[in-house]
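Look for chain A in each of the two complexes below; its partner is chain B in the first and chain C in the second.
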Partner chain A sequence: MSAHPVVETRGLGKRYGSRWALRDCSLEIPAGSVTALIGPNGAGKTTLLHMLIGLSRPSAGEVRILGRSPREQPALVLPRVGFVAQEHPLYRSFTLAELLEAGRRLNPRWDAELATSRVTRLGIPLSQKVGRLSGGQQAQVALTLALGKRPDLLVLDEPVASLDPLARREFLQGLMEAVAGEGLTVVLSSHIVAELERVCDHLVILASGGVQLAGPIDEILGAHRLLTGTRRDPGAVARIDSVIRASHTERQTMLLVRAERPIADPSWQVDEVGLEELVLAYLEQQAGHAAPEVGRLELAS
Partner chain B sequence: MVSGMIEFRLSARSGVPTYLQLVQQVRQAVRLGMLQPGDQLPTVKTVVGSLAINPNTVLKAYRELDREGLVEARPGQGTFVSRALPPTPPGDYARLQSALLDWIRRARDAGLDEDDVAALVAATLQAVAAREAA
Partner chain C sequence: MIWVTWRQQRTETLIAALLLGLVVALLVPTGLHIASVYDSEGIAACVAKPSLDCGGQLDQFVSRWDSLVNAVGWLNLVPALIGSLVAMPLVLEFERGTFRLAWTQSVTRDRWLAIRIALIVGTCVAAAALLTGLMTWWRGPLDDVNGRFDGFDFEGLVPFAYTLFAAALVVALGVVLRRSAAAVGLAFVTFIALRVGIATWARPHYLAPLHETSTTGPAGLALRDAWVFTERGDLRTAAGTPVDPLAVRGCLTDPGAKRLDNACLDRHGIVETLTATYQPGSRFWLFQAIEAGMFAALTLALLAFAVWWIRKRIS
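Right after this comes the complex of A and B.
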């Protein structure tokens, strides 16, 4: 494995007409990680994923996959990248056997044994027409085709959004097995946070066409705290830039803050933050009104 | 049928980090004799295939157990239990239970109902786990 991050973007942007769908996106995704790309609809998740796999041309900045540009050197990049699109589109009139044969002919690094053993374990008959499979089975077949390429990077756009809870669990089981077995790097987009906490180790929050937060989930959770205390002046709190979310009642103020150092002020009760709460706070912040003015929070007393 | 000696389970509501739940379950299985020195822990692939969790979480748990000296990783083979843990003697169980009974009575007298007690126990366990993890 090279020293390059598997995915690297610098100032990446995409404009449709006069509107920027994604702007100034700089990311590094390390080898072997499972990264969740989270954001509301319209945040630029699909736009970003399509630029990673060379489907869409950047309007600004650059993408490097395994150290190379997917649009300038597609023959070197694309065989090493697997993609599972939203709603798992497949050739519905093909039988499963025909679909796997197409996979073999289209992909130079095709692993027929891996693909066949996966569908056998899933218990899907090879003679079955793909269009007649359940949603969960179609998702598994789409994953099998992507894994059959033996990719170094697997990109999945909302892979579990359309699946029922059981199919979702089975899909993620298969995906995690592949990560454990093949040393695969995975980037997946989603707006379901709860499952991601178990599956992902890195997080990128996209909102309003830009990156709000990115990094290892452990570090991100470690760098945020929930503070509860007696009511403080909301005007003063709103000027502090390390406050991600503030809520006030008549008596109480609750703050979700980014705190690089331990908080020593005894007038706050300090609690850890869960991933879902943290993600929601960042998304709310973006959906909210004025950008916070830059200020400083005196937390250490 | 899951191969290997034990099967992990996860509780999303316990508030205990996933890797720590795995660590605790191995310790418990060793303490109860379900796992004995020389036994192999489930492979990372088996665990992630059944729990749908990130492989690094399993690796982190196994590293922690290795650090404690309870298991050892043999390159290319897997992770094996390297020593036994003394089981909690039955006398301790009885003593602990009677102390707990006293405590629950005091909590009732103080006006705590069942939910209050459960919440307090959960919060305390969580605080302990957080301290251990730190």
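Right after this comes the complex of A and C.
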């Protein structure tokens, strides 16, 4: 593959009327990575993904997918990108066989064997009408359609949001299997962090229409620590700019900090941070408010 | 791409075919009946030889089918139904969000849109051709007697334009509203209002109607195949003075009918004049071209708007 990052955005923004749904978004997503795009509802995740695959026109900045503009060179970009839209829309009146036939006819790089064997393995009958499949099966079919294109980049918008926990697990399992084989690059958005850690190796946190944090998950986790110690003055710790979140009980202070170097101060007990906790801390910080947990915690951010 | 498009509009196309099948089932037997009466009762011969004075017979032949012609008038809705059905699958793409699936296959959206619209236009034209051909054959005997203006809505070019207009209207409303039921409902109301409005208020005035008086009897004006707005018969002396009709009672061919014997009138030095305001039958194709042109222009405007909306607003 070329030296280009698979996805590259510079100063990307999208405005609806006078409101910016996404602003000044600069990202590079390397080949072969699996990136989780995380953020609350309304953070601009869907807007960003739609601009990546050319469904939506940027109001500012630019997008390069495999070095090309998805809006200006759609005929070159589209065959190399697979997309699963939110709620995975499908032609409900088609049988599964007809839907796969549509995939074959609409995509020059279509891999019929991959698609057929995938749905067979999942036990979804080809003669079944797509509209009568379960939500989990429809999500799997949508993923199959995207994978059948043999894309270099796979983009999924909230693929598991509408699924029950079991279907969610099965879907992510299927995704991991698909990723394992090829040098496929994946970007998937979610507002649910749980279970993503098993699938993803890169993270982008999107909040309030902008990128809050981006990078490889292990580097991000390695650069953050959870400090626990005797209670300090909330005003004092709030001024330390590497503190992402501070919480205080009567006797203890807990800090989530960005630590470039090991923490030397022996008065702190230093622990590693979990991905979910880290993401929540960033989202709370961004939101600028956080409800104190009943009776125990008082948040000082 | 064409296969996929066909598969998507298969159900709607079958419903449209079924609808046209019903129309065929209504028109073919009745049309055969009209044609056989036309031949067997000497109407055809009357039409072929205008010199035979059988105006009464012709009028009787036409009025005999009045209720059937009125019933067939409901087929004016067929172009709207066909147009809606054919446009529906495209609207459903936007209602159900599957356009995001379609636009992320390897076909660019401009090509996708071009093929979708081409298939809509093609299906509309095919359906309109069938309907127009059938109706022109069905109305053949009536048109031979009374000219084609009576069948204006069903013949020539306008049925094509109506069908395409209905489809374009549903597409344009559908992409904006993204709700097929609302789009079709609104399109129907608009379609009917526009069709009735134009036929009632605009069509009579495409060209100024002729207003003429014949002094050589009712046959002096070619009104048989004309679209007649007003028609008035008078009796005058050769000098032009109006004559009281009671004065020529003796010239009635028979007491029941309203027809006067010409030789008798001549003896009294009285002429029968006819004054009419009308569009002559020779203007049929010009009027067809004007009205079809209007609806075709609306169709193009609506399609251009829909394409613009899809390309700029839904993306």
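Rule of thumb we're sticking to: the second predicted complex is superposed on the first by the 288 of 301 C-alpha atoms of A that agree within 3 Å, B and C clash if a C-alpha of one lies under 4 Å from a C-alpha of the other, contacts with A are read in each partner's own complex, and residues count from 1 in each chain.
Throughout what follows, contacts are C-beta pairs under 8 Å (C-beta built on N, C-alpha and C of every residue); 3 or more make two chains touch, one makes a residue touch a chain.
Predicted model, so just to flag it, every value in this text is computed and none were measured.
Shared-chain residue A:179: touches chain B; no touch with chain C. Within the superposed three-chain arrangement, the count of touched residues of chain A is higher for C, of the candidates chain B and chain C. When both complexes are overlaid on chain A, the residue A:121 reaches neither chain B nor chain C.
In the superposition on chain A, contact of A:109 is made with chain C only, not with chain B. Contacts of A:231 after superposition: neither chain B nor chain C is touched. Comparing the two complexes, no residue of chain A contacts chain B in one case and chain C in the other. Only residues 53-57, 74-75, 78-79, 81-83, 85, 87, 89-94, 98, 101-103, 105-109, 142, 145-146, 149 of chain A touch chain C when the two sit together in their complex.
Of all the residues in chain B, the ones that touch chain A in their complex are 10, 12, 18, 44-45, 48-58, 130.
Only residues 32, 34, 169, 172-177, 179-181, 194-195, 198-201, 272 of chain A touch chain B when the two sit together in their complex. Per the touch definition, chain C reaches chain A in the complex via residues 1, 3-4, 7-8, 11, 96-98, 100-109, 315.
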